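In structure tokens below, several structures.
Shared between the two complexes below is subunit A, which has subunit B as its partner in the first and subunit C in the second.
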Partner chain A sequence: MNRVFGDRKTILILLLPPLAIYVLLKVVPVLWSLGLAFFQGNTLRGFEFVGFDNFTTFVTDGAALQSMWVTISFAVIMTVCQVTFGYLLALLYVFVLRKGSAFVRTAVFFPMVLPTVAVALLFRSFVAVGDNQGPVNDIINFFGGDSVEFMASTSGTMATAIVMTLWSSMGFYAVLLYTGLLDIPDEIIESARIDGASGLRLVRNIIVPLSAPILLSSIIFSLNSTLKVFDSLLALNKGGPGTSTSPLTLYMYRTAFEYAEYGYGSTIALVLTLLCLVFTLTVFRSSNKRVED
Partner chain B sequence: MKNRSTRRGLALTGLALAVILPLASCAGDTAPAPGGTGDAGASGADPETFTVLTANEAAALEAQLTALAENQCKAENEALPLVHEKTAQADVVQKVTLLASQDALPAHFIAGTAMVRPDGDLGVAGLVGDYEEILTASGTWDNILPAASSTVKNVYGHMVSLPYQYNLEGIWYNKAIFSEVGLDEPQTFDELLDASAALQTAGYQPFAVAGSQGWPMTRLMGMYIVRNVGPKALVDIRDGNAKMTDEGYVAGATALQDLAQAGYFGEGFNSLEADAANAAFLTGKAAMKYDGTWFLSNINDEAQNQIGAENVGFMPFPAVTGGGGSIGQWPANAGTAHAVNPKTAGPKVTAWLDCIVENYGQQALQSAGILSGFKVNGEVTGLPDTTAFVQETIAGIDDETVLWFEALFDAKSNSLASTNATLLTTGQMSPEQYMADLQASLESNR
Partner chain C sequence: MTATQTLISARPRSRKTRPAPLRPVQPLGRRIARVVRRLPVWLLVTVLLIVVLYPQLWMILGSFKTQTEFFQNSTWALPETWTLENYVAALTRGNVAVNYRNSILVTFPSVFFIIIFGVAAGYVLEVMIWKGQRKMLLFILAGIMVPGQMILVPLFTVYFRAGLTNTLWPLILTYTAMGLPLTTFLMAAYFRSVPREIFEAATMDGSSPLRSFFVIGLPLMKNAMITIGLVQFFSVFNDLLIALTFTTRPDLATIQVGLLSLSDEYGSTQYGPLFAAISINIVVLLIVFVFLNKKIMAGLAAGSLKG
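Up next, the complex of A and B:
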């Protein structure tokens, strides 16, 4: 085996085909899209080089800036909620439910396997108003309040989207963080307990620092997935009312495929990529600083 | 030694395939040179099949064309077999753009409104045939109703779509409820407001509105503008002779907002789907519904219509007192654009088109009660009363028809008009702001 992997030709023969496929199917389209950001037009009309015009348009495009704001605020709120609730659930699994946590873990994780569009339609019906009123408004009516048309307001749609995303994803973050907590040696926790640490103090001074790497990964996972949110907000209320809950991904999709502006659509995609990069690097840098401190 | 060289050969072949296959799949992605000659007549070479690309949502069109292929157009179908291709309505622009750029457009295809106009992507590239030219040459042009061809030319700029539907838009109303509340058909917008108030007091929801679709709201606004400013109101916007922010136009947005804020659209109308709005009218919960004559298929369906077809009336959007438009100017449309590919419009495709224009009118009306923009050649029996009434209404139009609100908008402004309607009707956006945003979008996409 060592002889085989020690041979450069063998390595090349084994590596080149997948590498070629990866480059052709992944790297080339990404670079192609990057290049398109400097052009205007589509495959039918043809493309015209416009330099940085698309970027100038982006910074003066009210709809694009609004979408960027929606993307950033949704990502920040969701990351805080997903990681916090995921971490609390993980603590519950490890320190309260212990070995009996399997059922709860499965139950909380279950929504993760449901298609996002189905979940969005489910939540849309939960908050429905009118003839087919959903349970949320039934409860509001029960306590004497008037029915609320959640999908007619930005705050109502955003609140529904946040609860929906949290419901369907916190199980995943709980399992991810749970595996991190399992890696903390029992001896350390026991010795901390003997030294008098318990409850919140134990969590703050022992558990959180020791699970920092997996927390960091969770934050990066969460930020990158929520910055690219698309299907849930589209299925929930088509980015409405108006375009007030339309994220950058939806604006990019509409620009490229509904308005056939591939160049400007690629520019929006590039901005989104840069956004993901900036957020990820910021999280990395802040964690490195903390380690140095 | 031989074994080793075989392995090397296999590895190299694999590598070559890995490189060649993706490149081969990209080979068709070459864009044709822009700068075509606009619309074109029938000068193409016939394809292998008469492939028709239609929207998933247009099931009736597929069924009618299939029926023609089996009966009246049997000979044409044997010479060039009919093949259906489907796409979601929402994906039409993307799909057609891609097919056109790969030189793979079917013989007859659905397209986006803006794409087929002379300055649209397909129009500029010369990828839409002119039906007037094709059908005049083959002697079947007379089968297109003049009103339908006029509407197609108004909307698309040239005769690049077959009028598989010819629709009027207006207000469907429940005659039994109107009679119970003591109402006549409102002739002015003020009378419509009075009627709505009376209906609300009597416990009926005045309007059924599928707010989730956007357009059922914007059409009310558009019709108010057309009645208030005049029949050329939307053409003036396109030509830059007027702005959406002008007083007469903002009044339309205000009128829509007032209707919604008065509660005339019922609870939760903004998230109401089309089926639910149809049901609200057809079960007698709502007294009126602004819709097109395509709503006839629901009205004629006994399973859906619980108020009885005899209780359904149809009236035009009322006049605005002191306005430049009149109640006799019906908004009309000829359905979604269905273009012909000039590159494949050979003799066999032309024979198919001839057969469609000669027979579709009678076939669709007889079997599905669909009113099209084709001449009805032959007898139609057992037509439902409501359909016959609408047919008479269409035949009796002696005034000019007008366009619907978004007809001349670009795709982006069209979408903005619909999506922002929710913000307008819920009071989250003022009429002035709504119109200012729309005007800005129209100008930036001009």
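Up next, the complex of A and C:
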């Protein structure tokens, strides 16, 4: 039997096309990009080997450090918000709405499938000021405040980006964590109730520890997707005002394709990859430690 | 892992409900007390739904307003007439119609290739038995972590040299390569949940493994292919990075790139067409979502829990 399922011809026919695409269009470019990180220049100008110069440039490049700061702060704030809101919604679905949660669950999930560009342009109009003032500033005016031009300040743009990303993704994290909560056996919750745990204590002492694995997955997934933030900050305000909300991804894109610095662009891409790796491993390690304690 | 498996099998599951104890009809006072106690919950849910739905509704309503309405009427007002002028303007004056055509021309082939190659690779990695298949799975899995930025520069160089930058092929090829690792992994997981005996029985009956793949594997994976296909559809259709990098001509731009340039051109002057172009996205995806939300939600959740 095993000999039949070890048939070389079948393996080759079925595996070769996907493997070829994966290797040629993903693995080779990644290695190539790794190499480019040590060069300066572009295809037209030619490349020059510069060793670790790009990396020393990076640590002294104000714009690069600023965009790294944007990326990290956005990812950390976003992950905290997404997982917290997602978890609260999941608790609402499982313990308060119970069987009636299907509609709410679906409705809150929907924005997740909308293109980020469309969502960003929507929110840009939603918080607009001037001739065509959006609802947000109308509400601020109603309560007696002056209109705020969110897109004119760094903090305003970041706040809008965070609210907007939360708006579109909280339903997704809620569903993710909801499935995790469903896996907790009823008996455990029931016996905890009988032992007198209720409300917050039940959540803190029983439910959170039991859903720790899915919380961990959510945190890692959230960090990995928000560290790569690109569309939302670009479409919302072009990484502005100026470049003050431009994340690493956007800085890399501009360096490589607007200033044609392929080498330095690859270095920035490598830093981004390492950042994802470091964050994932850190979360993983710290959670393992806590489990051992 | 258990969570992933429940998600992957995508079976509708609901929390076991305890049998309701027989209850005598409650007096009115207690019923009112119950309603009052539930009031904060309903309030919370209402606020939640308004926050989620109103921005979308506001955008769609705005797509019917004329330029003067934008300036003179309150932003909360309903449109005075329900004309499709803005939609016509967006589709004809802007490039939106061409953008949509490009998006469709890119998305469907990409998703097709991702699914076909992914299911084939999943079959080989899970059902077939050969030396190094674990290592191969890990090798393909490693591709999930790598950000798209890592492959942009080399691929741009190659596509440019090969003279492909005047076509939509760079997008299709890149999306296929980027979608493959996750799809392969999920397909392998789906194949794992299929009893081996099915394939062994087919072999007993004289079917070659290649034939079994087409005759048994593919039909068995129909559900999985639709679910993952939807996930990949959204990630390709909604992508901006790859489309922005590899489309050098405006008439090759996908809808996301088109929306971005539309907002640059008209964004601060012509609200109607921009609102209309965004609303088309919302309405089309809403229709898809209404019919397929269970599969989409299960698929997206499975895609995030790799392991």
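Throughout what follows, the second predicted complex is superposed on the first by the 274 of 293 C-alpha atoms of A that agree within 3 Å, B and C clash if a C-alpha of one lies under 4 Å from a C-alpha of the other, contacts with A are read in each partner's own complex, and residues count from 1 in each chain.
Keep this in mind: contacts are C-beta pairs under 8 Å (C-beta built on N, C-alpha and C of every residue); 3 or more make two chains touch, one makes a residue touch a chain.
A quick note: this is a predicted structure, and the numbers were derived from the prediction, not measured.
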TODO: Figure out whether A:191 sits in contact with subunit B (first) or subunit C (second), or with both, or with neither.
DONE: neither
Open item on the list: Quick check for you: in the superposed arrangement, does A:141 touch first (subunit B), second (subunit C), both or neither?
Closed with: neither
TODO: With the two complexes superposed on chain A, say which partner A:265 touches: subunit B (first), subunit C (second), both, or neither.
DONE: second
Open item on the list: I'd like to know which partner A:46 touches here: subunit B for first, subunit C for second, both or neither.
Closed with: first
Open item on the list: With both complexes superposed on chain A, which partner does A:25 reach: first (subunit B), second (subunit C), both or neither?
Closed with: both
Task: First (subunit B), second (subunit C), both or neither touched by A:282 - done: neither
TODO: On the superposed three-chain arrangement, identify whether subunit B or subunit C touches more subunit A residues.
DONE: C
Open item on the list: Once chain A of both complexes is superposed, is A:244 in touch with subunit B (first), subunit C (second), both, or neither?
Closed with: first
Open item on the list: Contacts for A:56 in the overlay, against subunit B (first) and subunit C (second): which applies, first, second, both or neither?
Closed with: neither
Open item on the list: I'd like to know which partner A:172 touches here: subunit B for first, subunit C for second, both or neither.
Closed with: second
- [ ] Indicate the residue numbers of subunit A shared between its subunit B interface and its subunit C interface, in ascending order.
- [x] 13, 17, 21, 24-25, 43, 124, 131-133, 257
TODO: Over in the complex, which subunit B residues touch subunit A? Could you list them?
DONE: 8, 11, 14-15, 18-19, 22-23, 29, 31-34, 90-91, 93-94, 97-98, 100-101, 115, 121-122, 124-125, 266-272, 276, 280, 285, 410-412, 415-416, 419-420, 422-423, 426, 428-429
Task: Touching residues (chain side subunit A, partner subunit B) in the complex - done: 13, 16-17, 20-21, 24-25, 42-47, 124, 128-133, 147, 149, 151-154, 237-244, 254, 257-260
Task: Residue numbers on subunit C that touch subunit A, as the complex places them - done: 2-3, 6-7, 13-18, 41, 44-45, 48-49, 51-56, 58-59, 62, 70-71, 74-76, 113, 117-118, 120-121, 123-125, 127-130, 136, 140, 143, 145-158, 160, 173-174, 176-178, 180-181, 184, 199-200, 203, 208-210, 213, 234, 237-238, 240-241, 244-245, 255-256, 259-260, 263, 267, 271, 274-275, 278, 281-282, 285-286, 288-289, 293, 296-297, 300-301, 304-305, 307
Task: Interface residues, subunit A side, partner subunit C - complex - done: 1-2, 4-7, 9-11, 13-15, 17-19, 21-22, 24-30, 32-33, 36, 43, 89, 92, 94, 96-99, 104-118, 121-126, 131-135, 138, 167, 171-172, 175-176, 179-180, 182-183, 186, 213-214, 217-218, 221, 224, 227-228, 230-231, 234-235, 249, 252-253, 256-257, 262, 265-266, 268-270, 272-273, 276-277, 280
